[in-house]
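Presented sequentially are two complexes of subunit A, the first with subunit B as partner and the second with subunit C.
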Partner chain A sequence: MNSATARRDGIKHAFLWPAFLVVLLISLFPLIYALTVSFQTMRIVPPMPPRFVGVQNYAEILASARFWGSMWTTAVITVLSVVLEYILGFALALALHHNVPGASLYRVTFLLPMFLAPVGVALIARMVFHPYLGPVNDLMGALGVGNLPFLTEPNLAMAVLITVEVWQWTPFVTLLLLAGLQSLPGEVFEAARVDNVPVWRRFWDITFPMLLPLSVAVVFIRLIEGFKVIDTVFVLTGGGPGTSTETLTLFAYNEGFKKFNIGMTSALSFTFLVVVIVFGTVYLALAQRLTRRYA
Partner chain B sequence: MAHVEMEQVSKSFGTATVIPPLDLSIRDGEFLVLVGPSGCGKTTTLRMLAGLETVSGGRIAIGGRDVTHARPGERDIAMVFQNYALYPHMTVRDNIGYAMRVHGTDRGTIDARVAEASRLLGLEPYLDRKPRNLSGGQRQRVAIGRALVRHPQVFLFDEPLSNLDAKLRVEMRTEIKLLQRRLGTTAVYVTHDQVEAMTMADRVVVMRAGVIEQAADPITLYERPANRFVANFIGSPAMNFLPARIERGAVHLVSQVLPLPPEEAARLRERGDVLFGIRPEHMRPSAHQASLTLEPRAIEPLGPHTLVLGDVGGHRVTAQVDPRFPVQVGQPCVVTVDMTQAHFFDPVTEARL
Partner chain C sequence: MEAQGYRRTGFVLALLWFFVSLFPLYFVLVTAFKPPIAVSQGPTYIPWLDFQPTLQAFRDALSGLRGDFWGPVVSSVLVSLSATALAVLLGSMAAYALLRFEFRIRLLAGVIFAVVSIGGFLVLNSLWGLRVPYALGIVLVAALVLSVLANRLPLPGPVMKNDDVTFWFVSQRIFPPIVSAFALFLLYSELGKAGVRLLDNFPGLVLAYTAFGLPFAVWLMRDFLQTVPLEVEEAALVDNIGRFRIFFQIVLPMSLPGLIATSMIVLAFIWNEFLFALLLTSGKWQTLPILLAGQNSSRGDEWWAIAVAALISIAPMVVVATILGRMMRSGLLSGSIK
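Let's turn to the complex of A and B:
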């Protein structure tokens, strides 16, 4: 290499380093910082100087019943709501795709919940499910069931949280699956019609397998997003009654911003990351086996 | 006996009429080709026959049964689509056998029919492949296999070869034709390619703007086109058309006189305005020949013969001549015209005279 090309080659550093440093600063630094903190005890209130404690934070987390409880809560909310979102979303997408009367009106209204801020949705839900003032209990009263303690009985509270999640995020599933349906080749379905394949078989044998790769992606996105649920829970139940609806993220939040135990919170965040990665990997492995059977 | 009968079948989308009332009857075992430029309604006609498009009026019967309002699946037809329309997630074997499996045909029969179809179409080595691992020609064979295992009353083909390359298209058209002969199943085939139409059909239906211009066997279509549109559409390179007069037993072009054979002259008598049509390949010597002088603009040597693209009195004329024919761009040349092959059309109605 002669000196001229070497000089020209040197320019690459001028282009590379700024970008690399920015990435390092804004994305890697916080992660690395949080990781270091997770191995220390650090409190803001009352202020305590950081002290290295090794994996003690993690050991404490794994030994705490509250952690396992929040883990279970998160899993239940996520899995049930994603399953319901997928089934409902697919049904709605099919209905919209086949142009039921008034489809264009539904197309807009069905998408609305998705555009609302989760906190807003939770506030609305809190009013709707209010034990004395909410319309749901008015209905229950009218049906003769009487007032139900929607937000203060553990199982009902979970059901409400799942309902709110499903209400808000089904449109997302509908939107993506509708786009998927519309991109499927029409001739294939015409061929099936000519071959006298009944509607139900057309769905199970053709539509569903052809949308399977997209479904896997949609469910994956919703699972990851669902795991991070905090705002709805925070506003609706605050993790209560007791800690019966406390999710992982809310647990971490409470540790960090109620007890100001930063070391513990960081450790929780990393545990959460590991949990998400493990769940995600297991899901993808299962999904891959399923798609390989079809694709 | 007519096997497929379309009576006064029409189609409109809103106020736009795509197919005005149309009559067409197809004999049992006939290979009928619908041909025409894009937008002429040939595909719509086929889709109405398949039931994929509802009819706005009229009646369709297949095998003596009225199917005008029957679902596609109830018509006992099989269709081959332009884009193959294979089920992408199924193997070739499953694609071919799927419809039978859905209808509860027993395993043995399915296997036997799939084996028979794949043998007929040379698909045996690919039975366990997915469509995406097949070439275009193989995919189209699978689509044909899927149609023929059902032993339908009628095969419908919607431009099945237009996605294939030229060489494969020639091979496949022979294959489809032979297969249809062997099975003896009535077939309706849509194409925009007049060569495909001519080579495959027992009878060709030329359509324009939803109207049947002529329905006849390929040779009649070529030798006695019913009107200028058909004459222009069938044959390649296309027929030449020149405005002319017929006087004293001869065709008078601007300043040229081409004598007619006596019987033609007697039939046509004197006419003021006619359209004189002559195919490029009929510029050849014969018992009744005439000379036509043209101004060559371009010369296209094709090997077996040469095309001279020229000009006669401001009208473009293509002549097909021998490769050794002496011709140079810009220097007027004289070609021989076989006047027994001349066509005459009414300049207003464009109908054959």
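Let's turn to the complex of A and C:
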């Protein structure tokens, strides 16, 4: 690059810097302050002068059963819902790709749930799963199962949360995999059809491996997003019964805004960050091995 | 024969999912028109047959009989539209820069930034006892200037390119939002003590949501801008037309569908966002999701009222999803996933 173009390129900074500064200022820079707070005890109510305590907050978190409980809850909800979303979403994408009757009608409908506010979805789910007034138990009654205490029994409450997640986010998987299916080269499938390769084999030997890199990305995005879940839990169960459905984010929020324990919440959110980074790295390493075996 | 079987299974599955997707929406729609008795005596489904529909719940909500309703609606609209516009504007500018120019950032300069800002903050705040906002402000400027200057020196170590910068933007989404939301809450309340009111205020919310929407905007707009042919721009460059004019008068109009799609997606994310709003608002600027979450405890079984609130938050997004669905059918969005 000669000096003339380099000088003219100076304008590039005017394009990039505003966005860069906003993200730096709002998303990253406050973390410095929060990081120092996480090594202090700091309470708003009752007000206490901040005191440096070293890693005590972190030690307390790692020793707390509630933390490990919320970690387990988050992992179960995320993993189970993502597995279900992937299987269902892939099947639906295949159906849409092969233009089942009414495919064009389904497309908009299938998109809809993921654009709705999770809080709104949770409110609707609260009605739908209401033990006496809700349609699901109406159906259960008609099937002879009887009324189920959906939101007050720990395992059922988890099942409801997973159902809501699957309902809302399967469309995301469908949308991306459908786009992936449409971009696959048609000749390969034509050749397989001519060679009379059975449909099932065609899927496992051609479609699935070719979409594996996209699948890895889609599942990664969903895992990361799923790990953050708070709104549906906040509205549907509030973490209850007891703390049996409390997720990591909700736990951190409760520490900060119900117990006003600022230092602890900061420490918790950083622990959470470490957890996400560790899980993400492990997932990507595993996914890479899987992709390589197929390639 | 065999293929027919799979086809039928696919059809049944799609049909089933169609009903599973729509039923809850149908249920909330009819519930909004129910009189109290149609809720409290068990589920009812079909208007006029199961119950006599009424507009009472809508009238109650809109007249403000059940608490302030317009406040959250107005603040949601103002905040999400402003933040979306800002995020998409700044995001597409950044995406354009990342596509057309070369950036080289030395890793060591980044390390210098981190060390100077964290170390400087500790010294200023803990040792000198400077107030948090001032300490952070001083540190930010010092670290930025130092690292920009350091970047010009021939430092050893790896050099990061445009893809790394893009990844840096997108990686903000990997962060659990509670980390930055809570940190932002702490910072805003410290700034509040210094007299700058950002908590529960319009500028603070718009800034937070702009940062929240930027990763999407950069990521999506980079793909959309890639489809704009270079030749047009080169012709304009030869004619000595400035980069900003090229960008706003040629590039952006040419990628209008992508711009619309990106705006819709960013708008949906900001409109529905809960955690930031929960932490950063307390009264005046509460957004719709916070109002909705509150319905739960304050309304109990008054489902008709809850349903109206839910519908008002859902309705704009139904429009957004429909527009995007149409764009998807015309193959516009499939180009963005590679």
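Remarks
One rule holds in what follows: the second predicted complex is superposed on the first by the 271 of 295 C-alpha atoms of A that agree within 3 Å, B and C clash if a C-alpha of one lies under 4 Å from a C-alpha of the other, contacts with A are read in each partner's own complex, and residues count from 1 in each chain.
Throughout what follows, contacts are C-beta pairs under 8 Å (C-beta built on N, C-alpha and C of every residue); 3 or more make two chains touch, one makes a residue touch a chain.
Everything quoted here is computed from the prediction, not taken from an experiment.
By the touch criterion stated above, A:Ile32 is placed in contact with subunit C alone, subunit B being left untouched.
After overlaying the two complexes on the shared chain, residue contacts for A:Pro149 are found with neither subunit B nor subunit C. Once the two structures are superposed, subunit B and subunit C can be ranked by residues of subunit A touched, with C on top. In the superposition on chain A, contact is made by A:Pro198 with both subunit B and subunit C.
Of the two partner chains, subunit B is the only one that A:Pro209 touches; subunit C does not reach it. In the superposed pair of complexes, A:Glu187 makes contact with subunit B only, with no contact to subunit C.
In the superposed model, A:Gly242 makes contact with neither subunit B nor subunit C. In the superposition on chain A, A:Val22 makes contact with subunit C only, not with subunit B. Residues 198 of subunit A contact both subunit B in one complex and subunit C in the other. Against subunit B, in their complex, subunit A makes its touches with residues 185, 187-188, 190-191, 193-198, 201, 205-206, 209-210, 212, 294-295. Residues of subunit B that touch subunit A in their complex: 50-52, 71-74, 77-79, 81-89, 98-99, 102-103, 146, 150. Across the complex, subunit A meets subunit C through its residues 1, 9, 11-16, 18-20, 22-23, 25-37, 52, 88, 91-92, 94-96, 98, 100-113, 115-121, 123-128, 132-135, 138, 167, 170-171, 175-176, 179-180, 182-183, 198-199, 214, 224, 227-228, 230-231, 234-235, 248-249, 252-253, 256-257, 262, 265-266, 269-270, 272-273, 276-277, 280. Within the complex formed with subunit A, the subunit C residues making contact are 2-3, 6-7, 10-11, 13-15, 17-18, 20-25, 27-28, 31, 39-40, 42-43, 45, 90-91, 93-94, 96-98, 100-103, 117-118, 121-122, 125-126, 132, 136, 139-140, 165, 169, 172-180, 182-184, 186-187, 190, 207-208, 210-211, 214-215, 218, 242-244, 247, 268, 271-272, 274-275, 278-279, 288-289, 292-293, 295-296, 301, 303, 306-307, 309-310, 313-314, 317-318, 320-322, 324-326, 328-329, 331, 333-334, 337-338.
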